[in-house]
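Got some structures for you, see below.
Look for chain A in each of the two complexes below; its partner is chain B in the first and chain C in the second.
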Partner chain A sequence: MFEARLTQGKVFKQLIEALKDLVQEANIDCSDDEMSIQAMDNSHVALVAVSLRSGGFDHFRCDRPISLGFNATNMGKILKCAGNDDIITLKAEDDGDSLALVFESPGQDRIADFELKLMDIDSEQLGIPDTEYKCTIQMPSGEFQRIIRDMQVLGDTLTISCTKEGVKFHVAGDLGAGNVLIRQNNTAEKDEDKVMIDMQEPVELTFALRYLNFFTKATSLGPTVILSMSPEVPVVVEYPIGETGYIKYYLAPKIDEDED
Partner chain B sequence: MAEDPQHPIEGTETHPSIDPSVLLPFNTRSPAPQPDRSTTKLLLDSLLKNSLRPEPCDVFGSGPLLLSDIPAVIRNNNERGVILGIDEAGRGPVLGPMTYAAAFWNPDSADSIPRGFNDSKQLTPEKRASLFEQILSSETIGFVLRILHASEISRNMLRRAPYNLNAMSHDAAIEMIWAVLNAGVRIDTCYIDTVGIADSYTRMLERVFEGKGITFIVEKKADAKYAPCSAASVVAKESRDTIIANWKWTEAHNYEPKNSREFGSGYPGDPKCKAWLDSNCNIDVPFGFPDFVRFSWAPAKNALKDGGGESGPVIRWDADEDEEDESGGKQSSMDSFVVSKTVEDMGRKGRILEELRRKKPRLDIFNELGLSKVTKFVEAP
Partner chain C sequence: MGIKGLAKLLSDEAPDCIREVPLSSLQGRKIAVDASMAIYQFLIAVRSGGPNQQATMLTNADGETTSHIQGIFNRTIRFIVEGIRPVYVFDGKPPQFKSGELLKRREKRLKAEEALKAAEETGDYEEQDKQSKRLVRAGTKENEDCIRLLDLMGVPVIRAPCEAEAQAAALARAGKVYATATEDMDALTFRTPVQVRKMTFANAKNSDVQQIDYAKAIAGLGLDHDQFVDLCILLGCDYCETIRGIGPKTALRLVREHGNIETILKNINREKHVVPESYEPNEARKRQKAGEGKKEENEKDVDGEDGDANVARAKSEKDDDDDDDDNDEIIPVYVEARRLFNNHEVLPDSEIDLKWKDCQPVPLKTFLVDEMGFNPDRVQSSIEKLQKAFKATAKPQSRMDSFFTVKSNPENDAKKAAKRKAEADAAKGKGKKGGKKAAGGGGFNRKK
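Right, the complex of A and B next:
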C-alpha cells in the first residue's frame, strides 16, 4: 500500500507539467523514504530525475517499494482537474494497476477523486556517475527562463561559457547573434535573487536550446536554478523544490566531431 | 548470434576449393574462431568479395563478424595475455560499409611482427596491401573483422530512437573483444582509437569487461601510436577497400547503377561521389538509392528530401525531425554518460523495483476485455 498526501498539491501538478513535454512515459518509484522519477527522453539526449523525500509530505506511507508506470500526458490531463490550492493525495495498492488521485479543496468542501490506469514500463534503472563539476552557477530561475526564451529567437544552439568574468550565454543564427552575460551578485537582498558562481576552471559547452526550453517549464517549482558544468559531460540543471526535493535535468552537450 | 557453434568445415586443407556459398549461412556471425589459417583466409576472401552475401541483402540482421584462427603461439602461451588493437575504416563515407577490425598477438612474439605499421591512411596503398598480406600469413597474429554494411548503418541511424554511429562503433568493439575472450584468449592490454570522448569510452569498456583484467588504452590517433592498432587499421582499411572494389549489387540480378563504380572515394565531399549520388538518386522510385548508400548521411537524406531528381516522391523520416539542427556540433547522447545499475549496487530497494519491472507486461487481451486486477473482494449486497 502506498499513500502520500501533499498539502501543497500544486507542487505535484507543476512537477508533472515540468516533465510531460520531455518524456511520454515514466515510472514513479516509491520507497519508505522517497518518491522518485527518472526517465530519458525518446532520443536519449536528456534525462530527468525527480526526488521528493517523505519529509516533504504531510503523510507518507509506503509498505514496500512500488513502481508506478504512468503516461505523462494522461497524468497531466487528470492533474488539470486539481485546483492550485488543492491538497493532493496519491494512493496505490501493492498489486493494483491504477493510481488513485484525490483532490481536496482547502476548505474540505469539495473532494474529487480520479483513477489513472497504470502501465508496465520497461525502463532500466540508470546511475549517474558522480562528477566533480568545474563550474556551479546558482541564479534566479526566472532569469534563466528569460535568457532561454530570448536566445531561442535567434537560433537553435546555445553556448554557455563560464569564465571569471561571469557566465556568458551565446547564440548565433540566420538573423544574427546574441549574448547575455550574467555576473556574480552576492549583494542582493533576498537569497533567491543572488547569482553565485563557483568556478574552478573555465568551461564552455554547447546545447540544443529546444531541450533547455523544456527544462524551464520547471521554473514555477522554485525561485532558484543551479547549473553544474564540466567539460564534455552533460550539464545538470537543478531546480530545488523546497527543502525536501528537486527536479534535475541532464542534457548531453553537442560535440565537435573531428571527422576522419 | 552463434546459432551453430560447430564448424561446418573440417579438414579444409584437403578441400582447398570448397564452395564458399555453402559456408555462409552457418558462419557469417559465428564468433567462434576458425580452425586454421587457410580456412580463415578462404572465409575472409569470400566475405570481402561479397560472394558470401546473402540475397536479398541483410536488411534485418547485422553484418558478419569473423574471428581468425587463434595462432598456436597465443594458445600455448596464454598466461601472459595478448595485446589487442582496435580500429575502424570508412566512418565518414556516404557509401559502402564501415569495417571494424581487431588485431592481437602475444607481446613475447613482438619480434615477428612486421615493421612499418602506422595509421593506415598514411601508408602507401602498396605498403598497406603488403602489410595486410603479412598479417594474413602471419603465424603470430590473430584478428577479428566486423563489417557494418551501409544498410545496417542506415537502418540503425534512422530508427525512431536512433542508434548512432558512435554507439554502433562501441558495440562493434565490444563484440570483437568478447569474441576473442570467448575463444579462450586472455587479453592483457587493449588499445583503441577513440570514438567520441575517450574517458567515457574507457569507463564503459571497463564496466563491460570488469574482472577480465584488461587494461584499456583509449586514445586519439591510437592507430599511429600502437602497433596492434595500426595492424587493426590495416585490416579494416584493406577489407573495406576490397569489399568496395568487389561490390556485388544486391538490388536485382545483373543490376548496375548509373556510372557503375565511378563514385570516387565515397566521401560526400568528393565531386565524383557527388555526381554518382546525383545520377543514382531515385532511379528506381521509391527505393531512393542502391543499398550501398548510407541513407542516414546528410547528402543522401537531402537529395531524397528535395524530391530526388526528376520524379521521386518526397520521403520523410520521422527520426530525422529531431536531427534538423546540426549547427554547432553533433548532439551527443546521454547513453554514453549514464551507467546502467547492476543488481549489486542497486541495494535492496532497487532490486525489488527491478524485479517488479521485469514482470511480464500485461497481455493486451486483458485491456481489450476491460478486465482489471482486483485487490479487494467486496461481498455482493
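Right, the complex of A and C next:
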C-alpha cells in the first residue's frame, strides 16, 4: 500500500493547481523514494514533470511501485475542500481503484476524508535525458510571471534571447511590439531576489505564450524559477519546491522550417 | 475500396492500435491526404436540395460541379487553422491488376444508371438521390480542378505514379509526413506507420479523429508484415478475389496457423472453401487440359502441392499427369497482389519536395468567384482566415516527441524507478543553485 503525509498540505494543493490547466489526466507514480508525475498536454507540445522525494514528507510508505491515474480537474475540486494550513494524507491500496485524501486542520479539531476514483491512463512516458544547457537563468518567480502576463497583451509568440547583456523577452503582434530586458543581479539582499545568468553561448528561442502562461500557475510553489535553454531543444522552466522536490515544465520551441 | 472488414477485425483483435484522439493532438504534423478519397466524399456529401426534390450537386453557372471544390477549400483551411500541414496525393494510373475490381465497379454503375432512370419515371426522389450518388465519379476534370485550387492555396500536391494510398504511405515511411489520412484501410497494408481516419469535421463539437498505429496493429494481431499482407489479401483487397467462405475470423486464424497463403492452400478444406482458379492458375490450366483429354479417369495427385486437399478436389475435377506441357508458369493473383502491396510504384524520395507557401489571394479569388461562382464575401473571409492561419503557423510549433523518445516499456517499473532515481540524483546536484538553506528539514517550504 501507499501512504504519504504532508504537513504542508498547501504544497500538494498548489501542485495540482499548477498542472490542471495544462493536462487533463495524469499518473502519480509512487516508488519507495519519491512521488512523481509526468504528463503532456493534448497537443504534445508541453510536458510537466513533478517530483517530491520521500524525505519531504512527514511519513512516506510505499510497499511497491504504484501508478495512480487521476483526472486533474476532479482532483482539484477535492483539494478545494482542504484548507491552506491543513495536513494532507494520501492513501491508496495496491490494487484499489481509488485514492483516499485526508485533510486535518492544524488544531486536529476537523478531520475530513475524501475519496477520488482512479482511472487507467495509458499515457506515453517520455525518457528525458540529463543534458547540459547552454544558458541557465535563475530569477524571482514573481518577476517571470509578470513578464509573461505583460507580454501576452501584445501577442501570442514570445522570443527569449539570452546574450551577454542579459535575457531579452520579445513579443510582436497586431497592435505593436514589446521588449523586457532582465540583467544579472547578484547584489540583492535575499537569495530569491537575485537574477543569475549562466551563459556559455547565446541562445534565442521562440515559444507560444499560451503555454508559458500555464507554467506560471506554479509561481506560488516557490520564490524562484530556473529557465534552462539550448538551441533548438525545449526550454525547461523549473520551480524548485523547497529542498526536496520540483515541478519542471518543458516546452517545445517553434522552429523555422527552412533550417532543416 | 480498401480491405474488407479490416477495421472491425483490428478493433476486435488489436484494440490497442486504434485510438480516438482530439484533432489538436495532430497540431504541427504533416499529413498526406488521399485526395481521390476526399473528392469522392465531397461529391457525394456536399449537395443542395430540399426533402421533396432531388438533391443536386453544387454547380457553377456553366453547370459544372463544384461540390468538391467547396469541400476541399473548406477542409484545407480547417487543417491549416489547426496547425496541420496537409499534402494532397492524387491517384495516377490504376495498377493493371486492379482491372478486375474496376470492371466490377463499372457494372455497378450501369446498374445504378438503370435504377436511376426507373426512379425518375416513378418520381421517387429518395431512390433518385440514392442512385445518383452511386453514379458519382471523380474524373480527371475534378482532379485537375482540385490541383489548381490547392496550388493557389499554397498547399503541396503530389501526383502519384500509381495508387495514392501507396504513395502517401511511402511518404510517411520516409518520414516526410507523419501519417496518411484516408478511410481506405489498405494504407496500413502499404505500411504507413500511422493512419488517420474520420478527418471529416462533420461534427463541429466533436472533432476527434481515429488514429491507427501500424506497428501496434500487427503486434496486436500477432503477425509479421508478410503475414499481415496475406491476411489483407484473404480479407478482400482491390487486386484479387478471395477464397469463398473465409471471413475475417477464419482468415486471421488461418494466417496465424499456417503463416502464408501457399501453406493455407495446402491445408484448407476444399469442400467448404472454394479456391478461385486465379489462385492456382497453373493447376487450373492443367486441369483444363486434362479435362479436354481424358475424362474422369485417374485420381492421381499431380504436383503434390495440394496435399491432403486433393482428395476433396479430385472428386469434382480430375487432374492428370502432364507436367511437361506448360513451361511458362502463370503467377497466382495473390502473389501479384502481394507484390503490389510491397513494391508499389511510387515517386523516389529525392523527387519530393514539400513546401507550404502563402496563398495567392487574387488568382484564388478569381478562380473561386468568377469560375466557380462562389459567394465573393464568403470567399474573401475564408481567404483572410487562411492567410492569418498561415502566418500563425509560419514558424511551426515543434512537438515534445521530436526531442524526447517514448520510453519503450512504460510498464517496466524497475526501469522507471531507476531512471527516476538518476534524475533525482541529478536534481540533487543542481540543488545547490537553489540557495543555501540547511538541507534535511524534512518538508517542502516549511517555515523555519
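Going forward, the second predicted complex is superposed on the first by the 258 of 260 C-alpha atoms of A that agree within 3 Å, B and C clash if a C-alpha of one lies under 4 Å from a C-alpha of the other, contacts with A are read in each partner's own complex, and residues count from 1 in each chain.
By our rule, contacts are C-beta pairs under 8 Å (C-beta built on N, C-alpha and C of every residue); 3 or more make two chains touch, one makes a residue touch a chain.
Owing to the predicted nature of the structure, the values given are computational and were not obtained by experimental measurement.
Chemist: Between chain B and chain C, positioned on chain A by superposition, is the outcome a clash or a fit?
Modeler: By the criteria stated at the top, chain C and chain B clash after superposition.
Chemist: Looking at A:I241 after the superposition, I want to know if it touches chain B, chain C, both of them or none. Which is it: first, second, both, neither?
Modeler: After superposition on chain A, A:I241 lies in contact with chain C alone.
Chemist: Let me test your reading of the model: by the given contact rule, A:I128 touches which partner, first (chain B), second (chain C), both or neither?
Modeler: It touches chain B and chain C both.
Chemist: Regarding the shared-chain residue A:G96, is it in contact with chain B (first), chain C (second), both, or neither?
Modeler: The answer is first: A:G96 touches chain B but not chain C.
Chemist: For A:G222, is the partner it touches chain B (first), chain C (second), both, or none of the two (neither)?
Modeler: second
Chemist: I'd like to know which partner A:K254 touches here: chain B for first, chain C for second, both or neither.
Modeler: It touches chain B and chain C both.
Chemist: For A:D109, select first, second, both or neither according to whether it touches chain B, chain C, the two together, or no partner.
Modeler: neither
Chemist: With the two structures laid over each other on chain A, which partner does A:Q138 touch: chain B (first), chain C (second), both, or neither?
Modeler: Touch status of A:Q138: second partner only.
Chemist: Looking at A:E189 after the superposition, I want to know if it touches chain B, chain C, both of them or none. Which is it: first, second, both, neither?
Modeler: In the superposed model, A:E189 contacts neither chain B nor chain C.
Chemist: Looking at the overlay, what does A:D29 touch: chain B (first), chain C (second), both, or neither?
Modeler: In the superposition, A:D29 touches chain B and chain C alike.
Chemist: From the options 115-123, 133-141 or 277-285, pick the one stretch of chain C whose C-alpha atoms clash with chain B.
Modeler: Clashing stretch of chain C against chain B: 133-141.
Chemist: In the superposed arrangement, what residues of chain A touch both chain B and chain C?
Modeler: Correct list for chain A: 29, 31, 40, 42-47, 65, 122-129, 156-157, 206, 208, 233-234, 250, 252-257.
Chemist: Write out the stretch or stretches of chain B touching chain A in their complex.
Modeler: 91-92, 121, 160-162, 196-197, 199-200, 203, 220, 322, 324-325, 327-341, 345-346, 349-350, 352-354, 356-357, 359-362, 372-373, 375-376
Chemist: Once bound in the complex, which stretches of chain C touch chain A?
Modeler: Interface residues on chain C, with respect to chain A: 22, 24-25, 27-28, 83, 356, 392, 395-407, 410, 413-414, 416-417, 419-424, 426-427, 431, 433-437, 439-446.
Chemist: Taking the complex as given, what residues does chain A use to touch chain B?
Modeler: It is residues 27, 29, 31, 40, 42-47, 64-67, 93-98, 120-129, 155-157, 159, 173, 206, 208, 210, 232-234, 250, 252-260 of chain A that touch chain B.
Chemist: Tell me, which parts of chain A touch chain C in their complex?
Modeler: 6-8, 10-11, 29, 31, 33-34, 36, 40, 42-47, 51-53, 55-58, 65, 122-130, 136, 138, 156-157, 191-192, 196, 206, 208, 221-222, 224, 226, 233-234, 240-246, 250, 252-257
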